[in-house]
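Please read through the structure below; I'll follow up with questions.
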Amino acid sequence: MLFKVEMTVNIPYGLPVKEQEEMKAREKAYSQRLQREGKWRHIWRVAGLYANISVFDVQDAEELHQILMGLPLYPFMEIHVEALCRHPSSIHDSDK
Amino acid sequence: MLFKVEMTVNIPYGLPVKEQEEMKAREKAYSQRLQREGKWRHIWRVAGLYANISVFDVQDAEELHQILMGLPLYPFMEIHVEALCRHPSSIHDSDK
Amino acid sequence: MLFKVEMTVNIPYGLPVKEQEEMKAREKAYSQRLQREGKWRHIWRVAGLYANISVFDVQDAEELHQILMGLPLYPFMEIHVEALCRHPSSIHDSDK
Amino acid sequence: MLFKVEMTVNIPYGLPVKEQEEMKAREKAYSQRLQREGKWRHIWRVAGLYANISVFDVQDAEELHQILMGLPLYPFMEIHVEALCRHPSSIHDSDK
Amino acid sequence: MLFKVEMTVNIPYGLPVKEQEEMKAREKAYSQRLQREGKWRHIWRVAGLYANISVFDVQDAEELHQILMGLPLYPFMEIHVEALCRHPSSIHDSDK
Amino acid sequence: MLFKVEMTVNIPYGLPVKEQEEMKAREKAYSQRLQREGKWRHIWRVAGLYANISVFDVQDAEELHQILMGLPLYPFMEIHVEALCRHPSSIHDSDK
Amino acid sequence: MLFKVEMTVNIPYGLPVKEQEEMKAREKAYSQRLQREGKWRHIWRVAGLYANISVFDVQDAEELHQILMGLPLYPFMEIHVEALCRHPSSIHDSDK
Amino acid sequence: MLFKVEMTVNIPYGLPVKEQEEMKAREKAYSQRLQREGKWRHIWRVAGLYANISVFDVQDAEELHQILMGLPLYPFMEIHVEALCRHPSSIHDSDK
Amino acid sequence: MLFKVEMTVNIPYGLPVKEQEEMKAREKAYSQRLQREGKWRHIWRVAGLYANISVFDVQDAEELHQILMGLPLYPFMEIHVEALCRHPSSIHDSDK
Amino acid sequence: MLFKVEMTVNIPYGLPVKEQEEMKAREKAYSQRLQREGKWRHIWRVAGLYANISVFDVQDAEELHQILMGLPLYPFMEIHVEALCRHPSSIHDSDK
């Protein structure tokens, strides 16, 4: 199943730079592992914002929830989730 | 350049069914032609809504504008546009 | 998979009473058939509003979408969808 | 009487992990006791969010209020309450 | 049980004056009957608006729902409902 | 003159319990004195929220302002004020 | 007592020009009479909008309500009302 | 040129009382000097709120900006600005 | 004085195409005349929307108001106005 | 490509004045360098607010993103981005 997830990051001012960098490095590794596994299908940066738009391909809402809860930057994120279907006008059987 | 576009359709109640069907058929053909040309990269249905989330790959904002203005259902659409960039955590050079 | 769906109905003033009644009868029959099939798990009226809060148990977002699109009153509804998971504090294996 | 309650939790960054875990454990025990008593009828996790959607079956608004005020995580919650009725399309006498 | 209900009326322009007056007369009679029965405890006009703030004293949400659905002007109303409790600072046992 | 006032309280996490209790005691005494004087006509708790809905009967906006500014919990409150009139459908000369 | 009132006018497209002009003429006469009586203290146009910001000096909310309900363009207005007090920094005893 | 400005003040809890009082005294003196100069034409308190509605009569937007930036409480204010014109229904040549 | 104005156009469905074209032609001529006069300094299309962002250089709010009221498409526009100043970081004396 | 960017700055109260001044000086230098390079085409102050409206002329969304991320005050900014096109009514080939 496909889900669109929008994540906006707000790191509180004053968090030590080293702690931030370490979290961002873990976030990147975590995201890339899931991308290689085919679960995190797309990730785009929204121009000008510390935010991304992503598409996940997971078994169900439970798996999505576990993935998002595991994000190292989750405590600083505002998250919006929408379940997606194949669009009847799509030229693909499944648009992943 | 990539843009995310969200389109929500509100067809006024009472529009003759035949007119609706004709417009939807033209909309589908128009979308599929652009998908085949590689300009309309993704189109997903939002579950439960008469709405889609799409990703366009165009020359610039001008080309995006002309494409959207040409949508047969445009007069009934509410549209939201966001410019996208490659995300630094993406494992792809360009996530199209 | 479970989804919470909130539906608010706005029937335009002036729609002939007979047409309204016929649509509502079809809506009720459609809802009750899906309830008996176990797909429309819960339906509650929101006090004071022409609105309901429902829980659906479906295969995936695609099945949810087809069910909602088939609602006789769909053209008059405002719809909000949220995907649900089992809550870790629930005393049930699956809270349907 | 039935009430739908949506609870979104925002624990301030920096709260000691031990204090958080202790509060969450008390929250879980509190919720499960009320579920076993039949007052907290349903609790679902909203996919991707630190939030739940619950249905309570209580004597009146006063009992609901006392239950919610007793939540160990209440100080960190944003709460939305809606009173529910039996829906005329329900196939159940009372949809609990 | 007490509920606060806010009602805002929007009568579509062009509805024949006679039809409006007849509806408003029925609305007034309906409201006054419920006031005399002690179910519609308070009704205030919001200064400058075609809106009221009311307090109902009913058995439960079901009775509230039936009362509101019976309002002759209901099709033109936007309605907000909130369940009330006795306030611990009130000097009354029950503030009706 | 009657005013409806909605007050929502947000006490910052970490304020010493003793300081909170002392403020709440002063708030209660202040409210009850005004209730006994007939100026704070109604006060209801909104179910599930640390919020109240109140009706004040004062000389004018100036008196209302002084009363609200004197609330011990005022620094933690979000306040909404609406001026009320007698409703033409009321069965009372003045609905206090 | 002073009230600030913001009025935004939305005349439905297609209302006969003659009918519009007649209503606007009556609106102007009504406003000017109240200005001369000292009840409608100020009226400003909001730059670029078919809207005004006004200050009324009336006995109480009831008088304000009657004045606003009498506006010939009232059926087409969106109205916001706020009760005003003398500001402690004002150099005037009463800023009318 | 006339501008309507709405200012809402939010002083952070815990700011030393002495510092607050000193700032408010400077704010008052600053406002009264501008009122005497005829630039700050009106200032009203919004009933129940730590907020004011003001009308400024300045050369242009630049002068307005400099005045607002000079407010001692500016760092704690939320500000809304609207440019005003003479209203065609006004009985004054210029409603200051 | 400079003002930023955002205009969003919503032409009602069903307005005869000829009438629309005639209005758009007049709108274009009107805009271009004001551009040539140096009063309508900038006009940009917002990508994907029937909307523009414009900068006007006018004597005062009154002149801006008259210009906007004269727009042939004004009855179909939603308008937002903000007064602008020279920015202290600008490298120009006046950024027109 | 042209983008409109709106930036609103919220510097947390208590940040040492020296640190603020140093950041603002770097912000100004950064902005002026980009203005001289022709990439930051316009920058206006919004009257009364610590906010600006800017127009950027960049290669693509990626370049815009890098520029905005490099703003010394970025951690304190709320940012809104809109992609612009040439407007068909513009009298310029490209309105920069």
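Going by the order they are written in, the chains are A, B, C, D, E, F, G, H, I and J; count residues from 1 in each one.
The criterion applied here is as follows: a contact is a pair of C-beta atoms (placed from the backbone, for glycine too) under 8 Å apart; a residue touches a chain by one contact, two chains touch by 3 or more.
Keep in mind that this is a model prediction, so the values were computed, not measured.
Peer 1: Spell out the chains that contact chain C while also contacting chain E.
Peer 2: Both chain C and chain E are touched by D, going by the contact rule given at the top.
Peer 1: Which of these, H-I, C-E or C-D, gives back the H-J interface, meaning over half of its contact pairs coincide by residue number?
Peer 2: Repeat interface, by the over-half criterion: C-E.
Peer 1: Go through H-I and A-B and name the pair with more C-beta contacts between its chains.
Peer 2: A-B
Peer 1: Mind checking the centre-to-centre distance between chain A and chain F? Centres are C-alpha means, answer in whole Å.
Peer 2: Comparing mean C-alpha positions, chain F is 44 Å from chain A.
Peer 1: Measure off the straight-line distance from the CA centroid of chain D to the CA centroid of chain E, and report it in whole Å.
Peer 2: 29
Peer 1: Name the residues of chain J that each touch 2 or more other chains.
Peer 2: Counting only residues that touch two or more other chains, chain J contributes 2-3, 45, 47-48, 61-62, 64-65, 81-86.
Peer 1: By the touch definition up top, name every chain pair that qualifies.
Peer 2: All chain pairs meeting the touch criterion are A-B, A-C, A-D, A-J, B-C, B-I, B-J, C-D, C-E, D-E, D-F, E-F, E-G, F-G, F-H, G-H, G-I, H-I, H-J, I-J.
Peer 1: List the residues on chain E that touch chain D in their complex, please.
Peer 2: Touch residues, chain E against chain D: 1-3, 60-62, 64-65, 81-86.
Peer 1: Once bound in the complex, which stretches of chain I touch chain J?
Peer 2: 2, 4, 27-28, 31-32, 35-36, 42-48, 52-53, 55, 82-91, 95
Peer 1: Name, in rising order, each residue of chain F that touches chain D in their complex.
Peer 2: Residues 13, 45, 47-49.
Peer 1: Quick check: in the complex, which residue numbers of chain I touch chain G?
Peer 2: Within the complex, chain I touches chain G at residues 3, 5, 12, 61-62, 64-65, 68, 75-76, 79, 81.
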